[in-house]
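You will see subunit A twice below: alongside subunit B first, and alongside subunit C after that.
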Partner chain A sequence: MTRIDDVVADRRGWRAMLGPLERVSEGRAWGYYLLLPSLFLVLAVVLYPTLWGMVLSFREMRLNRIDLGTGFVGLRHYADLIDDPIFWLSLKNTVIWVVGAVVGELALGLAAALVLNRELPGFKFLGVLVLLPWFLPNVVAGHMWALMLDPRLGVINDMLVNVGILDSYRAWFADPNAALFAVLMVEIWHGFPFFALLMLAGLKAIPADLYEAASIDGARAIQKFWFVTLPQLKMIIAATVILRVIGLVNSPDILLILTGGGPGRATQVLSLYAFIKANKEFNFGYASAISVVMFVLLMAFAYGYVKLSNAMKE
Partner chain B sequence: MIVDRRSLMKAAAAAPLAALLPRIAAAQQGNINYWHHFTSETEFRGLERVMALFRTRYPNIRLTQENIPNPEYMSKVTTAVVSNSRPNAAMVVAERVNDMVAMGGLTDLTQRIAGWDRAASFPADRWRGATVRDKVYGVPAFTFVDWMYYRKDWFDEAGLAPPRTFEEFQAAAIRMTDPARNRFGFGLRGGAGGAAFVVDMFESFGSPIVVEGRMAIDKPKAVQALTFWSELMTRHRAVPPSAPNDGYRQIMEAFKIGQTAMVWHHTGSLTEIAAAMRAGQYATAPRPAGPAAHIARLTYLFNGIMNPANADAAWAWITFWADPDAAIAFLDATGYFPASPQTAADPRITGNPLYVAAVETTRFGRLPPAFVGAAGWFDNVVLPEFQKVLVGNATPTAAVDAMVRGLEAALR
Partner chain C sequence: MTTRTRRWINNALLYLAATAIGGFAGFPILWTFLTSLKVESDIITSTMIYIPRRITFENYVAIWERSNFPTLLANSAVTTAITVAICLVTGTLGAYALSRCRFPGRREIMMSYLVVRMFPAVMIIIPLFILMREVGLLDSSLGLALAYTAFLLPVFVWMMKGFFDGVPPDLEDAARIDGASRVGAMVRVVLPLVVSGLVATAVFVAIGAWNEFLFALMLTTSTGSRTWPVGLQLMVGEFQLPWGTLSAGGIISIAPVVVLFALMQRAMVRGLTAGAVKG
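Coming up: the complex of A and B.
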């Protein structure tokens, strides 16, 4: 046999072995088979914990009170939530926190993207610099800002006093009227690059013809932005806002580091309240009920927001 | 072979020891993981010294350590218990013992302690913090003794002695305050960890907290206590304006940079203070006495076994902390008091004038209150309600009412 015959025989052997697989891969079920590993992972690490969390919200589950058992309590936790003033305060703070952060981050991110979209020397490097806050883990960013805003050693207070905006150093996180605002500033600084990055990608994808046509029609810069840029970015804005809202509602880490929810619960949000209930009081049933309420609110928000975005598109 | 009475007696005596040999050998091998919440460089240095000594003594035990930040400690412990991924041994403070035992996170050590030769060197009160329903769940490793640091140079300049009573303390705090120079009399802890001082105040004014598992706060006394404590800020302005958010790091920095004249903490921070300040700038004193009781805590740090696997090796590790060599090595690195009075009588402690206050405190100091739900009540109710008073959003009466309701709910 020649060398070519050997190769042909080899291929025939492989084909015979892979024959059944080839047939399956041509069938309609192949796509589902390929999905199986991911589906298994999603079921194991997302769906199961989520469903179990929901089940917990209907049960007694206090880890440090085993004597109470883990029986079914129906809607008791939800009824308790209605009478819990801290829950309502946390809900109010969550709305302020999320709306403030998303609006601030979106505005700053869009502005940064518009600036960085210009083809000027050094802007690629600037683009990387702008992204730096997003690269920082929340914990690092939180501790860094805690030091920068420190009423004794903080450089921000020093700058504000030197330029005459403040008379003396201010304890930002100790004042209930300033604490949420101060943490919002930190969050906006930390989160705006997320919007900037995606907006910049969106801006790069807008065809130049649209701007040229607008120029021929006599549109000024602001009109181009309003009638060309914004409509073209609408889907990206919708997606980023939903992702960011979910992230902000669910992660209390910056608040936990900077204020711990204080002073006097002035910065207490729902995720932090659930965290405290689970990890300080070990009341997993009640914490699960708070989490389920957050889940439902987020689903309702996402549904409503997508509906609204589609309606605006049409 | 002649078997006489003497050789029979020797064989009889040796038999139990021979039976123990495999057990001892087993105790000297295996892998164990130790969870702790040490934070500072000095603490890590001390831990490394103890671990080095342990490795020399038990070369076949592979010991690894894992640092869990204190604020997240109970979250990690809870997760480990729920997911059954527990470390072999873990650090346990007295106020967490009840919660950890209740969630099934600690192994009962009563039998092991009964057979431990060093157990007798610890007085009965050393075990109380780790005892739940007559079972012991931890071995004392070292202790923190509450005391006060004060600016000796400022007090000398003002001709003041360190305060011995709350009245003197308040007067000194007011006297030392000069906002124009950014100087305040006292570093009040109103942020993380501040709840413990509120509870100390209640007891100092004569109000118990929990008696026989029931809420026992005496409201009028508690209101009086909270008024006294919060008025340091709201009325006398004798604490930094940042007090409602000041945790450990902030109160220590304030003292070290010369913003505050007095700060309450425990012996654990002496090394840090000594490294940052000149001798003569600062001194230590017992915490002042309240109108009804003189309260300062003796907080014993225990080590417990969380995982039944490799329990013998874990037991070797947690009892090694009682070894005088280990305790002195740890003291050298950190300044932390040994839990055993025998070791605490070391001349390096008794001969150091800074430690006089701690030695005095050990005579009247008491254990922190411990009951199931204490940690949650401290952090979720006492602290935020106290902060509300500090920032003017609640009266002491309203705050005490909320604390009472919270405590009743926690104990229900």
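Coming up: the complex of A and C.
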């Protein structure tokens, strides 16, 4: 067979496979057809449940108390929330949790990116190693740290005692004053690679001549960082911070695994409170109300944050 | 101080910082690995033993043979495979449309894919639980995979759109001049060029589905579909799992993640950062 025959046969094969799609693809609605499957899925598994969740927050729904029915209760769940001291405590903890984690992750991520940006021998491997925690599952990350922070067998306790920072082993997760700090440590370990990744991409995008110009003007390293690097990274910092805030507010995973909100309620955050209400007490209505409040607060924060960062840009 | 000594000190400081950061990132993984190789008496000691005195694989045998861990891993694999398949089929088409086709509502749809990430997982989980129970998908791998697409499909679409944007439209135009239809140009010209991006994005989604905990905890109730993160967590609670066994389970379950990540990290990093730097 000659090559031409191959090409013709090949084309016939494709024609047969794609068939009537070829004509459809020339139509004006082609883009919509391509988009339809993913759009349908997102609507079905995100938007519809979200709207339903909002409706649920105005209803009674307890799976373990069928006798209460699923009637409309208006704003009762929200009124209960205002009188619920655990809600306010969770709100306070959420703020500490999110601010602590974002500040720690941003600082460490930026430091890691600044170091990795120098491209010395061996740093490629380091770049892979630093990113790894972000891709590890919460369950394993949690238990790795639980093992290292164990009150009797924890290697971190041993190290801290050896260098003289601690006098004796400490029960990090049982001590109400240390628990939130310990969980923050785990979260920072888990989340800083995300910042490192995006900061590094941002650093690589800064034109070299900006630094050259700064050198000619006699700028020192710290001045270069302050007047060239940071302003150039401003947008990317703004974007990563808001993404991370959303992630931190919405996912209680690591807290659920490590402390379950305890000891007492020292590490109880809003998302965890809502999840426990739904998963343990099956009080879906009240849990939905907590999530709605969380969502509204998050939206308000995001709106203000975007406004503010736009204003700072100008 | 000469420039050379200055540079030397500078590099030494950089390596010091790099070691500190790398140690912080890597030490927990190393420690878990070492623990998984220790005998029980080397773990529970009065003075810390850093390097195992005797290497044992007993912990791996224990988690593999004396628990339902293999079943859990198999369930996770099935759920992950379904999730990736759904994302590959629907997400690739959607990302192509958003990258190449111009139609009213395009920007809004793109934004809405981004905004859905703001919705609290807890708020979605509750109605999904009720919904899945009504259609009989509760406690099934398919149901869980569908739930995973809720947060993974939008990311998939955004990452893939970045890879499609990287293919020059001229190539398609040339194919069209040669008589190819639009779908023909898409399948035969564009798709082969984004295969590496497709693989990287699929790996990203696969890792997300493999690791997921919260949805799985709520939406699976039996060993028929329970995934390994939930199973491992329950084992810790119920059986007071020994640290060595738990570490072995952790190492087994993160092994595929570490291998895939090491192989694909370059392309994955490109996909994850493409949108961020541009915008």
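Observations
Simple rule for what comes next: the second predicted complex is superposed on the first by the 280 of 314 C-alpha atoms of A that agree within 3 Å, B and C clash if a C-alpha of one lies under 4 Å from a C-alpha of the other, contacts with A are read in each partner's own complex, and residues count from 1 in each chain.
The working rule: contacts are C-beta pairs under 8 Å (C-beta built on N, C-alpha and C of every residue); 3 or more make two chains touch, one makes a residue touch a chain.
Values in this document were obtained by computation on a predicted structure and should not be read as measured data.
Once both complexes are superposed on subunit A, the partners subunit B and subunit C clash. One of subunit B and subunit C touches more residues of subunit A, and that partner is C. By the touch criterion defined above, A:Ala201 reaches subunit C but does not reach subunit B. Once the two complexes are overlaid on the shared chain, A:Ala174 sits against subunit B while remaining clear of subunit C. By the touch criterion defined above, A:Pro252 reaches subunit C but does not reach subunit B.
In the superposition on chain A, A:Gly261 makes contact with subunit B only, not with subunit C. Within the superposed three-chain model, A:Asn279 lies in touch with subunit B and with subunit C [touch as defined at top].
Contacts of A:Asn138 after superposition: subunit C is touched, whereas subunit B is not reached.
Residues 150, 152-153, 278-279 of subunit A lie at the contact with subunit B in one complex and at the contact with subunit C in the other. Subunit C makes touch with subunit A in their complex at residues 11, 14-15, 17-18, 21-22, 24-26, 28-29, 31-32, 35, 43-45, 48, 50, 86, 89-91, 93-94, 96-98, 100-103, 106, 109, 112-113, 116-131, 146-147, 149-151, 153-154, 157, 181-184, 186-188, 207, 210-214, 217-218, 229, 232-233, 236, 243, 246-247, 250, 253-254, 257-258, 261-262, 265, 269, 272-273, 276-277, 279. Note for the complex: subunit B touches subunit A at residues 72, 74-75, 78, 81-82, 98-99, 102-104, 182, 190-192, 240-246, 250, 253-254, 257, 259, 372-373, 375-376, 379-380, 383-385, 387-388, 390-391, 393-394, 410. Those residues of subunit A lying in contact with subunit B across their complex are 63-66, 150-153, 168-171, 173-176, 179, 259-266, 268, 276-283.
Residue ranges of subunit A in contact with subunit C, taken from their complex: 14, 18, 21-26, 30-32, 34-35, 37-39, 41-42, 45-50, 52-54, 56, 108, 111-112, 115-116, 118, 120, 122-123, 126, 128-133, 135-141, 143-145, 147-148, 150, 152-153, 155, 158, 189, 193, 197-198, 201-202, 205, 235-236, 239-240, 243, 246, 249-253, 256-257, 271, 274-275, 278-279, 284, 287-288, 290-292, 294-295, 298-299, 302.
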